[in-house]
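Structures incoming, each one as structure tokens.
Consider the two complexes below, in which chain A is the common component and chain B and chain C are the respective partners.
And now, the complex of A and B:
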């Protein structure tokens, strides 16, 4: 059994890691948002100013933020719809098959995120596999180009973030007491009914974790909109990237990033409050 | 050069994953990119940085492998000076300026476009360039020397109309014609994915200066693009030539290197420079203020502009050259490539006008995206 001293010592490396690589950089982002920058010399002056926050209160940024939120909600919904049955199925499998399926879920992580996004531009092209299948099923007219649309962005984001939803869901579903399913079957419940009355309510923690894991990066996403949206859709991540990379306006970029960070923190706090209230109830 | 870092990264990726290196790599991981970026008009394998064996070592901030295949080793053999190359930073112009300003004398020279060079100059980070110490500058066209007073110009990139000859018999003659008739092209038109380039396309269509200092001009360009947004298929920073080649779009405004990388495998692609000219960037090498080896820097610059060495550089990078006389020494597929020709006098280079103008162009592009 470890004593308090040993426990504290064990925490030191991770705490140092967090402080050096997360907390301090985040503090700099927040500080930069209150500093001013000369756009000609790119010199940052550490004078306190709310100018960057005033500058981001423009309709265009708020619209971009609203669009990012909507696309994030659609992405989360898409990953739940696809990810839950998948996670449920994997949790019901046994032995090697389960391992193989889990590996298949994780395999996409082994290739570059950007390459996977570019691969979708081929799949969604008029001659691409997805379009040909949808044309064959008479879902879309022939020669439809699904690329460079909001739909393409959502498809790409659902695909990219699906593992983040499946893995926490699987972890929750895998721990479910299988006797509950047997009891439901004995009582005459259908598989679908068992799924909705037992599996779904019992895996709320996994759903919540999956939602956060998907929503947080999705909200700041800028690679997929740039590639699959063909640059025609403005999301808040693209705006932040532009401010840092194109104009070099670190202060405004930092103010936008801080605003996004505040929204994400708010989401986490709200979800924690809701889950703790439910636990109490 | 507002987005030079990302643009250059893509350009280099397009060249690096060329047919030869693809076969070398044979990697499954590159398969997804291969369709987007197989290089045709030339390209080449990489060079290595120098060793540390020379008496003097000069440090160069450079795009990775953006050097003639044997250039560094040949220079070392000839002069005894070692050239150590350091990769340019990610993160745009500001990262570039920061990298040079925080340098403790490691970098003696840097590759930089006009815009970054101007920013470096504004921050007193450049050494005064002494053209007399680079006699081989005589091989470079006058236009490029005038446009690049900070050091030696080395290569350029320009946009043009990339169109599908199966879908278009005669390309639009002017920028105005392209944008005015954008609704007539099947699939819509494709514009570059860089804010400055998008606005500059519209400025040319309106007959305005791309290096304007008037925000009213930028607003007019933005309004024009918003009015035709439904005819714009996408703003792409890579893959435009492929999209035109497969017929998904009839015409794109794209960079010379992208056409060069796609055209050899797509006989239905053609390149056209509009009548009123086009715009682009001009890259060069600049001596840095903190350098303690400026004589060696000038020697290396002079060595680079020697026609034989310069041809090696162009053959390796497949960039658009600026020494007219080297054409006969280049690989045939580069020398004959329509888009890589110099077009001296037909290209207006993007300048750094003011930080506020850069920001105005960025905001205008964001409003177009948001519309």
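And now, the complex of A and C:
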């Protein structure tokens, strides 16, 4: 076994990172949101004030926040609906086919993300392939421009977060006892019924993990709305960016970031409560 | 093949999802060779977008900056991850829980919140300014968490008995690390390094917020190109980056084997 001194030494790099680059910056985000900012010099002084919170109670900020919540819910729903059947199928495959499918899910990771997102703007333009397919299927009326809309952002988000839903779901489904499926088949259950009565309920934990893994970063997404929203449709991440980079109003930006942080913490706490209650029951 | 017949509904949806995942990639590859500037119809085969890219000084400059940052991030994140994973094992459950909470925060916290916090800290340090060093630090913080998940998964499958045997035979701590633990962890360290490297090459948020005016990595260059006008050159850049990543992936897979690469990356999600 390693000696005490060695163990402590080994923990130094990570602890430094967690304290200096994570804990301290997060504390300052919260502090700055409650400090006073001089709107002409943009200097922040450590005097308590709720001014920044009053300033963000305006339609432009609240709409961006509301839109982020809606887009996140849609993204989570989309990734489950598309990701669960795929993960289930991969878990039921054996040998080579399973490896090939897993590789196929991961390969897109290795293509420039910004360029893939850009490709969606062409695919969603009135002359684009996806747009024409949707028109042909009468999902959308003719000559609809889907670019730079909430729909475009949701499609881009579902697209980019799908692997993060599929992989934890696959990991859960893969561990399920195959005897369960065999028993269901022996007792005459159809494949569909097995799917809904065994696969779905037995993988609740994986679904919950996948939801958090998608929802938390999705709430603060910056890049996808910046590309697919065309600078017109903004999410809270983009508004925070403009407060910090363009306007230079750190306190107001910090207030928005603190709200986002509060929502994230709430999500985690709620999911912990739900999962611990299940364990008790 | 039996699985496809039995679960044909899931297989069909899966096929649709894969088509959905690959559609934009196909679009990029096809249009990298498409002479039609507006990418709406096929205008004949051309290599001019590649020629334009490969003769542009801006492209090389951005690529060099991306690579420099990615290499530093890979090195730093692997060091942080491996030391922590080896060190944390023998601490109490309480300490380990605190550590894994931090790891989870780094994995999921919206990057925007983290980078604005660091912007505030930079503004408070006299003489400090935005720049690539901060980009490297924040990326290492985030991606080392991914490395840790992968390396930890590997370490948990290695029984303590190898290590204990080495100690019983009188090996020093350093010797045990060098001849027992590192070689056993090597495949997972490779995969972790690969992930950190590719994530860093693709990173946007950390560079936008912390890079300052002089840092322009490849994704940032592409974002400013597509903001201005329709630019088919980005498709050529996309294909070049794709080939570059495939080569790196191929090297990793040939060093440690395809199966371990896949299972290590898939296991990351657990």
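Just so it is clear, the second predicted complex is superposed on the first by the 244 of 281 C-alpha atoms of A that agree within 3 Å, B and C clash if a C-alpha of one lies under 4 Å from a C-alpha of the other, contacts with A are read in each partner's own complex, and residues count from 1 in each chain.
Keep this in mind: a contact is a pair of C-beta atoms (placed from the backbone, for glycine too) under 8 Å apart; a residue touches a chain by one contact, two chains touch by 3 or more.
Computed from a prediction, not measured in an experiment: that's the story for all the values here.
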Chain A as common anchor, with chain B and chain C clashing or fitting: clash
Chain B versus chain C as contact partner of A:164, first or second or both or neither: second
Touching partner for A:142 - first (chain B), second (chain C), both, neither: neither
Partner chain(s) touched by A:234 [first = chain B, second = chain C, both, neither]: first
Which superposed partner A:39 touches (first chain B, second chain C, both, neither): first
Touching partner for A:177 - first (chain B), second (chain C), both, neither: neither
Partner chain(s) touched by A:116 [first = chain B, second = chain C, both, neither]: both
Which superposed partner A:246 touches (first chain B, second chain C, both, neither): first
Touch count on chain A, higher of chain B and chain C: C
Partner chain in contact with A:92 - chain B first, chain C second, else both or neither: second
Intersection of the chain A residues that touch chain B with those that touch chain C: 111-112, 115-116, 118-119, 121-122, 127, 226, 231, 244-245, 250
Of chain B, residues touching chain A in the complex: 2-3, 5-6, 29, 32-33, 35-36, 91-94, 97-98, 119, 122-123, 187, 193, 195-196, 229, 232-237, 239, 246, 248, 354-356, 358-359, 362-363, 365-367, 369-370
Chain A to chain B touching residues, read off their complex: 38-43, 60, 63-64, 111-112, 115-116, 118-119, 121-122, 125-127, 145, 147-148, 226, 230-234, 238-239, 242-250
Chain A residues touching chain C - in the complex, by the definition given at the top: 1-3, 6-14, 17-18, 21-22, 24-29, 32, 82-83, 85-86, 88-90, 92-94, 97, 99, 101-106, 108-123, 127-130, 159, 162, 164, 167-168, 170-171, 191-192, 195, 212-213, 216-217, 219-223, 226-227, 231, 237, 240-241, 244-245, 250, 253-254, 257, 260-261, 264
Partner chain A, residues of chain C touching it in the complex: 1, 3, 6-7, 9-11, 13-14, 16-18, 20-25, 27-28, 31, 39-40, 79-81, 83-84, 86-88, 90-91, 99, 102, 105-114, 116-121, 123-124, 137-138, 140-141, 144, 167, 173, 198, 201-202, 204-205, 208-209, 218-219, 222-223, 226-227, 234-235, 237-238, 241-242, 245-246, 249, 258-259, 262, 265-270
